[in-house]
Structures are given as C-alpha cells and as structure tokens.
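The structure appears below as structure tokens.
Letters A, B, C and D mark the chains in the order given here, with residues in each chain numbered from 1 onward.
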Amino acid sequence: MKILFIQTGGTIDKDYPLLTRGYPFEITEPAVQRILENINPAFDFEILPLLQKDSLDLTEEDREKILQACIDSAVNKIIITHGTDTIIETAQKLSQVKDKVIILTGAMRPERFSNSDAGFNIGVAIGAINVLDNGIYIAMNGKIFDYQKVARDSETGKFLEI
Amino acid sequence: MKILFIQTGGTIDKDYPLLTRGYPFEITEPAVQRILENINPAFDFEILPLLQKDSLDLTEEDREKILQACIDSAVNKIIITHGTDTIIETAQKLSQVKDKVIILTGAMRPERFSNSDAGFNIGVAIGAINVLDNGIYIAMNGKIFDYQKVARDSETGKFLEI
Amino acid sequence: MKILFIQTGGTIDKDYPLLTRGYPFEITEPAVQRILENINPAFDFEILPLLQKDSLDLTEEDREKILQACIDSAVNKIIITHGTDTIIETAQKLSQVKDKVIILTGAMRPERFSNSDAGFNIGVAIGAINVLDNGIYIAMNGKIFDYQKVARDSETGKFLEI
Amino acid sequence: MKILFIQTGGTIDKDYPLLTRGYPFEITEPAVQRILENINPAFDFEILPLLQKDSLDLTEEDREKILQACIDSAVNKIIITHGTDTIIETAQKLSQVKDKVIILTGAMRPERFSNSDAGFNIGVAIGAINVLDNGIYIAMNGKIFDYQKVARDSETGKFLEI
C-alpha cells in the first residue's frame, strides 16, 4: 500500500518560531512527517509540501493547485492535511477526481501540542484508506464522511453527517 | 455509529505507580478512555475494562472471556486493546464471531509516553471500523490485516501481510 | 516556604482556542497552574492572574500594576511569568523592591507544546528561590541573572551575563 | 558555570524497550540529556553515565563508585540523577565531599511520560546550583533539602524537612 500525503497547511502544522519577537504561530514542515516517524509504518508513502496556509487564506488558485496535484499523482491513495475551516470547500473542488481515494483531514490543536488530536486524526484517515473505495472523504472526530454528506456545527466545531 | 472498546491490557495501558518502591509498571485504567476524552468523538461508545494483563500472561480462560464478551455484545463494532505479543492468537480465537466487525490493536509504547503510538493506532482502528465489513482484523503499524493473513517479524516487531 | 506566582502573559501561557475560525493563539489561564498540579509541591503557593499579554504589548501602566502587586504582596518570594521579549524592562521597573526575592521567567515555547521549556524554567526559578537573598533576578536558559547584569542576544534569543 | 551530571539510574531514566516480548522497563541513556537538548542551556555541562540501576538495587560498591566520581570531578557543581527510593542513603555517603555543591534529584514518573516531573526537577536542581554554597543537597517536590535534614513520607512519597 502506498499513500501520498499532501500538505496544504492549517492548525495541524502550526508551530512557534524560535526567534525573539515572535507573535504569530508559523506553518512550517508537515506535521504528518513527525507523526509517521513515530509509528513504524507498514506502508510506503511520500509527502508533498504543497502549501502552508491557514485554510481561511486559501484562494481559488490554491484549490486548483491541490486539484492538479491529485490528478497528477501516480499514487491512488491520497491524504490531504488541511485547515478545518474550509476543508469541505476543498473537498467539493476535488469531486471530479474519480479514480482515487482522497481523504481530507486536519486537527483542532497543532501536532506540537501535548494534547493534540493530530496523530489520532491522521490514524483515522490511514485506517480508512486501507479499506475505502474510490471517492472523496473527510475524516474528523473519528468519523469518515462522504464529502457530499457532511456539514460543520458552527458552535461546537464538530463535523456531522447530513 | 457506536463502538464497544474492550480493554484486555498490554503495553498500551502500562502506567507507573505513584507509590514509593515502585518496580514494575502497572496496567490500570484503559488508555483508550484518555485518548477519546481528547478527540471530541462524533460517535457513541462504551468501554468495557475486561482484563488488565500483559498478553504473555493471557490464559485460555481469559481468551474465552474475551470471546464471550464479543458474542454477548449488542454493539456490532468492537475494538479490542491488547498486548501485541499474543494479539494474533486472540484474533484466531474470535474467528467464530461472524456477525460483527472486530479489530484488535495495541501499542509498542504506553499511551502515557510522550512519543506513544497509542493514539495513532486507536485512530487507525476507528477509521477502519467506519468502513469494514464483518470480520476479524488486526490494526498495527498503520495497516489493517485480516486475522488469517498476518504474521509478526520477530526481529523488528513489525506486523506484515502473509 | 510560600511562593506567590504572578501571571503577566507571554509565550508560556499561549494556547489554541477551541472554536472554529481560530487564527491567533490566546493567553488564558496561567500555565504555571498546570505545571504545579503535576509535581506535588512541598511548598505553599498562590497564583495571581494579573495580566494576559504578550510582553511586546505591556504598557507603562501595566508595569506599574506589576510593581504594585509585588509591593503589596504579603509573601516575600515572588515568581513572575512573563513574555521574554521585554522581561528585562519589567525587571528594571521592580528594582525599588528591596525586601523580597523576585524572579522573572518565561518560555520560548508554550507550556502546551510537548517540547516546551516551560516546566524546566519554572523549576529553575523555584530551585533558586529556595536559596536566593532579596533582589530582582531573571531565570532563563538554566541560569539565574541579576537584573542589572543581563542582556539578550538578538540573534539566538539566549540570555547572557554582562 | 559548568555542571557535571552523573547518571545512576532510577525512575527518571526508565524507558520501554522497542523489541517484542518486553516485560520490564529498561534504564538506558540518561534522561537529563534529552531535557538539556530542549532548553538551550546558557551553561556548560558534561554527562557521566555511571550506573543504570533502580535505586533499590544499588550496592555499597555502587555508592563507593558514586563517591569516587564526585571526588575525582574537576567540575565543582554536580547534579546526580538517582532513584528516589534510596536517594537519602547515597546523599549520606557523599557527606565527606566538602569542596563541591552536590545536588541529588530524580523523578516520580519517567522523563518519557508526557506528564513527567523530570524536566521540572532537573530545573529545580539547576536553579539551586546557580546559588548554593558547597554542601550535599536533595532536590524534590520543588524544595532544596540539606541532606541531613530530610526524610520521606512513606505514605505519600513526598520529601519533607526534618
């Protein structure tokens, strides 16, 4: 089994700069790399650091890039790490890809945090991608959602089936 | 979606006693409880703390208990946390259960460890259980194995498809 | 031994909001509280959540508040958690306090981070406050500096004796 | 400032072996090394991995080794990481060393644990060693104890001044 991980950014990757005068958190290397280094994977993988943006900042052009990366991929199992705020929009953009399994996931707390949900969420995506048929999915809060049947509760932030 | 988590013990649950003169690590509460408290699950679940043993210490009687708990379960999605040393043996014992999805998983490092694989492995099992048909499976190292098609590399400790 | 901990903010306390659309990191409860809950202290303490600001945003009025809190304190051992960017300025403001031991410290990475220096730095301050005579000090990078004899390397961010 | 860290073992260093069939926790590399790698020290140091034993297993011969290492040290600030069960005994053995500051510390939970007190305790020892006069001390629970004036509460495990 081979999986391509595409980094687009989001909370999952947010880190704190080591310099002085550091106000914001920065998105740097893909958190998924640190997670995979730790779990001794029995599958092959590649990591493509495509974008490093908060998902509120993704433009139509960025979504085109993500789509193109999926189309061009020789690997047919793709996990995209993404900010949770506009993850459903990006999933909708990818609906034209019919010959791959694509799962989008992210995290509510950066992987750097000791109480992060990042490792768990990546695990959920990897567990599901072992089994799923071709299609576009979102993995959050331990559930696998078809991209057309998911919405987000604006109060709790939780993803739900619709 | 509802999942029953059955605790049998193993490295995943190993903790350090808070007393003086503490030699060994103890297995106490199910680590899966701490993991689920942290990830805001979009599914219902129950946790059954059935056994708290290193898997090298499981007896035939213990495996009968695990089998009976699976048979008796009203919930048809079951994740069993288990020591990795004899996880395949227990999976084989469960082969007679035909009407449920049962995934056995564990961890190489206790959930208490800052670099544990526990949260990731539980995530893999939960991701897969969203999708799998009835059967008995093992989830380790990011892969889902049919219980009849898995072995363990005695040198590296990694699980592989056979 | 009794210690008063005064929270003023800084990286040490930075956390991630649990809501959607969360851009910035927030300063909420004092991180020192979480640290002390974990180490079974053999001393008494109070925590005063005075300010929750990045130290670049501290005003002269804020520094007056910090000074007043130190003067008013019945406890004569005080540890102030503070952003590292202007920690020396605040220390200089406190020079008029002659009858107490005051140590200012902070962290380069939030206490929420799994690789944070927060717990260590608080430990350094507490270890020193067991022993120090009255005066104003900064504890960073494992060293105790007299407030008049410390500067910060603008490239590496490390504190050094001058 | 230069500090010599001497590893003797104890809970602080306990780790989990990566092999199969791993019952016990092992003491391997000194945890203090991992802690120091993380905090950007403004002091020089050496680490001497002298022993790797649970402190209940230390023999008179082992304590002689520890004493000799302290006597032979060219560095006059020494921090010894040690199991908490017999830390007072070892401190008493070192009482003949008059020309150095020696602080013994350890941890109730391994440094590998996400909720470990190890980093904090090492911090307390380092903070105090910046300031203390020659003598033998124990640093636990945030307090610095003269080796002749400390005992341990056998129920709570906490160290107290006597």
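One rule holds in what follows: contacts are C-beta pairs under 8 Å (C-beta built on N, C-alpha and C of every residue); 3 or more make two chains touch, one makes a residue touch a chain.
Quick caveat: nothing in here was measured; it's all calculated off a predicted structure.
Path length between chain A and chain D in the chain contact graph, taken as the least number of steps between touching chains: 2.
Counting only chains that touch, the fewest steps needed to get from chain B to chain D is 1.
One simple way to say how far apart two chains are is to compare their mean CA positions; for chain A and chain C this gives 36 Å. Chain centres here are Cα means. That of chain B falls 43 Å from that of chain C.
Work out the mean CA point of chain C and of chain D, and you get 26 Å between them. Multi-chain contact residues of chain A (touching two or more other chains): 108, 114-115, 157. Considering their complex, residues 11, 14, 16, 18-25, 54, 56, 84-85, 108-110, 112-116, 152, 154, 157 of chain C touch chain A. The residues of chain C lying in touch with chain D in their complex are 1, 35, 38-43, 108, 114-115, 117, 119-132, 139-144, 156-160.
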